[in-house]
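Both complexes shown next keep subunit A, but they swap its partner, so subunit B is in the first and subunit C is in the second.
On to the complex of A and B.
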């Protein structure tokens, strides 16, 4: 199950004992060039759109650039100093950690339950599973705007519903202050993360052979015991991959907060990504410095992913 | 999807009888069914509310009701006349279509070669691709903005096509490589013995067999580019050059938000992708987790 790069041709295609398909002796002109004609376009696109911006990013963080975009010489490490001395920097950092940890943990826990549920046999399993993918397929921005509307003070359906159910006495401006905006935005982030995570865990569940369950049953293990001692340990690879991919996604998440509060009031509901975007309006150098910090964080998460996914293992 | 369930007795039966022969509604099954359907409704609810809002007449927008008294179906047509969103939809179509085509053109040969040949740097190439998938555009926004600003390519459809294609390449290369590797090369060799060229064998033999992978890559790229927001927001400034997501977001900035129009446009943008996604749902996980979970 837990896997690895696509198997290289020698192992997969040919049966054992088969020779690796070396480029054949009657090489055509193209074959002599080796892999380049085949993979160069991919590399080129990655260089221009992914690698170059990384370089630009770092460069910009050491420059003085006017709002009009004119470079006014080197800034040394001034932009980093300015960033770290921002009065909101500390709280933005703390909230980013809280945001990421809360959203990912709640997502993982709920997905475990959802995966278990949707792995059962019941009438309408296909249709209900299909409904589950809606927040995954739909634009996250539009979903977030939908929630913003549902939380609208005058006519939002969630306010109406909570009034009718007697949960609240007066309709509230949920997104107006950070103490209520954060939980709602976290809920939306969980909502849009659940489908992918649940499907990942469902895929993991399906790698568990049924005879393992049979054996557990014969040993007289109850459902909860079976879950803890058989299912959970065997689900570990899928679970870990789900955690890391969600960490990357949630840390990078921008549209939810941008659509619902724009990180405000002030910077009260900003993560470092939103903070970076807001700084871009006033000082692109400082914004770049924030981006470099964000990017470093992403690199750490990617390294963890590479370790967890064991992409490198071939059979 | 064949499933291994923990339900008692399921192992004794043949693995996957499509329509279960006898449906014994045990209380447990009943509870599971009820909860699952309830959850399904919950997941769809926000989108249904969007549909309801899209159908509200202007004078019922501020009403505290669950459903409007009159349904204004014409909102779905008026929105494209009353706003610039029609232009934005056009940009989105161009960007998503262009990016999908570019991804396919670029990733198919690469995936084919990587699946079929051993070459120096193969691992490195796959690593580069995988890492790109993990780097999302948000962290690189300032760099992207600076780069395309200097190239004088802000507000260009091409910029959005290139950037969307690049960030979706990884998924396509990865899933196509996995699919092509699973097709025995002997099939192609047989075709080549019969006189087909390597390229001919690839197009006539391998490609049709890898079709599920191709379809998955195509739909996934299209949907992701269709939904893309942050790069559109950063790399375009002129309203008529912006993709639909950005156009819809601009709606909120307006002094009075015309929610009915906003959601009429959103519904038009959302429904097709949910339907499309249903086709590839079962293949997507392996592509997104780089095969870590199958």
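On to the complex of A and C.
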């Protein structure tokens, strides 16, 4: 808390070196800590905000906690056993994979096209670029609730519109059963993921120097060839960032599903994230076990992805 | 990430509460946490509680009453957080109590009620507050369930008499559908909000229910499975109710009835006011069973309970409860048109002529059956039923109910 700056390592080292017989060992203290005092607050923050909750999470998953909230002692691995024996656990896992893969791949494909579009010069480009931010700027929860009401069976504007256009012949309860709820929720998830991904790719596109394209043109490369052999490889870093961040975001996505179906009926539209939240109502320990599994899956997912992408790079 | 933020927010909220409780070290501050029964600002429960607190403080010098009113969706979670943080309220008014008895958190009713107040409680409700023969839960308000029907819709469909059996109900629903008299002939809300209620009302009609006489769980009994097979075959598949009952909540059903879009549904007292506001000409009859109307319908009670470690002195809590139950009970029941749990308030409401519309519900109240409220495992089981029970009407009832039965047995074994 002192305002006085600590002596610089070089200065104090030289000063002591002149008098003391063992200069090297006397160079301890603040100097030997190097940059530690400066990054210590950050490390502390990470310990408190990241490491400690993870520790507590893992600890909770081995506890027996009553529904009223009292810790009744250790549960060993019972909660994990209970979790894996849940009759819906398997289908929740499968749907989590489908949800993540579908949303991320559709988002990436659409964003590639959109980024390409926004990279062209056309009148009104500035306005359309701004407009793209809207789904991003609006709260995800708000967007999801908006879609939920638009899809409402009796009063929803989308239902009425489709009815009037003759697309459907009677109003449908889109979010009531999993077969129609999943596609709608995936559509909303893509909708809210597009802006970030598109901007990431757009930034990537703008880093590609124009002389590369010029060279390609001189060599007689067609537009599709240019895109495949020049644009895509040079877009790789931006593309990878987009995929990794979307993977984590979509896998962990909670508000869309919670606002639109609450994971129901039963667990039919739950991902592991929603499943974890619903388990909390009956067993906190089991819910924590699900969280640990979730955490492990995200870590593995990212590690595998990074490994695969680096392997490609070396190729 | 969103849940992380929510947890953090809750944690922050909790620490704020923790700061408050520091002031009641003298035991003179009574902290009350209660559920909000209101549906708009003008009838929010905090108005009622403020009034109670003010009058109590005036009559009892030195005491201070802190009331926190929380909406139904959040109250259980928030109370759970309070308990985990060791910051318990002195009094809690919510939907269930037995889980807290299992953890030995509550005073016995005898410890916090004067004999005079205890005698006021209607015996069947007082009994429903018992765990293994000792009363912990103090009933707060009650309601009984009846079948509501829209008179205009039934007339338009050519149904002269409201149904008394399942077959008559299905028949009436069929007529409503073929005459296009209503969007939804019978509203079957088996969504998470009240699955356990609608389920029990139907199961009672077939001699089923959640437990047998000895208190053992019988969730997948043949009668219960048969009930859902009937529902699926006669109401869900022919399109005489919502297309996805398992994801339709009771509030949707009530709102649809009040909007004149529903022919029949099972309801409780608050539907009366909603129907009146929606200008729906409604009638009520006892809930139809398989062979005839239910002899005992579903009765529901909400509960008051006193925590041992709330911080206020026991004498003050007792004074506050005596004051509330003896002087302010009727005001709450009349405010929400709910049914009383004390004999004096019941007598007053039955005789003062202001509650004619509750008459049919009073009639079925004395014989009403309750959930297994006194079982400390019930809260877990009820939560499980809310999550997946509704699927019994659309999927295979045997496997859905069988799964719940297994969970119930595990939960019951856990608390022993």
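Convention: the second predicted complex is superposed on the first by the 262 of 315 C-alpha atoms of A that agree within 3 Å, B and C clash if a C-alpha of one lies under 4 Å from a C-alpha of the other, contacts with A are read in each partner's own complex, and residues count from 1 in each chain.
One rule holds for everything that comes next: a contact is a pair of C-beta atoms (placed from the backbone, for glycine too) under 8 Å apart; a residue touches a chain by one contact, two chains touch by 3 or more.
What you see is a predicted model; the values in this text were computed from it and never measured.
Applying the stated contact rule after C-alpha superposition, one finds that A:76 touches neither subunit B nor subunit C. Shared-chain residue A:66: touches subunit C; no touch with subunit B. In the superposition on chain A, contact of A:125 is made with subunit B only, not with subunit C. When the shared chain is aligned, no partner comes close enough to touch A:222: not subunit B, not subunit C. Using the contact criterion defined above for the overlaid structures, shared-chain residue A:277 touches subunit B and also reaches subunit C. In the overlay built on the shared chain, the residue A:264 is in contact with subunit C alone; subunit B does not reach it. Set side by side, subunit B and subunit C differ in how many residues of subunit A they touch, and the one touching more is B. In the superposed pair of complexes, A:149 makes contact with subunit B only, with no contact to subunit C. Once the two complexes are overlaid on the shared chain, A:252 sits against subunit B and subunit C alike.
In the superposition on chain A, contact of A:183 is made with neither subunit B nor subunit C.
The intersection of subunit A residues touching subunit B with those touching subunit C, taken from the two complexes, comprises 53, 69, 140-141, 154, 249, 252, 254-255, 273, 276-277.
Chain contact summary for the complex, subunit C toward subunit A: residues 1-4, 79-81, 83-84, 99-100, 102-103, 105, 183, 191-192, 242-244, 246-248, 256, 261, 379-380, 383-384, 386-388, 390-391, 394-395, 400, 403, 415. Looking at the complex, you find that subunit B touches subunit A at residues 1-8, 10-11, 20, 23, 29, 32-33, 35-37, 39-41, 43-44, 46-47, 49-50, 53, 61-66, 102, 105-107, 109-110, 112-119, 121-123, 125-132, 134-136, 138-147, 149, 162-163, 165-167, 169, 173-174, 177-178, 181-182, 184-186, 198, 223, 226-227, 229-230, 245, 248-249, 252, 259, 262-263, 266, 269-270, 273-274, 276-278, 281, 284-286, 288-294. Interface residues of subunit A facing subunit C in the complex, by the touch rule stated above, are 53, 66-70, 72, 87-88, 140-141, 153-154, 172-173, 175-177, 249, 252, 254-255, 261-262, 264-268, 273, 276-278, 281-283.
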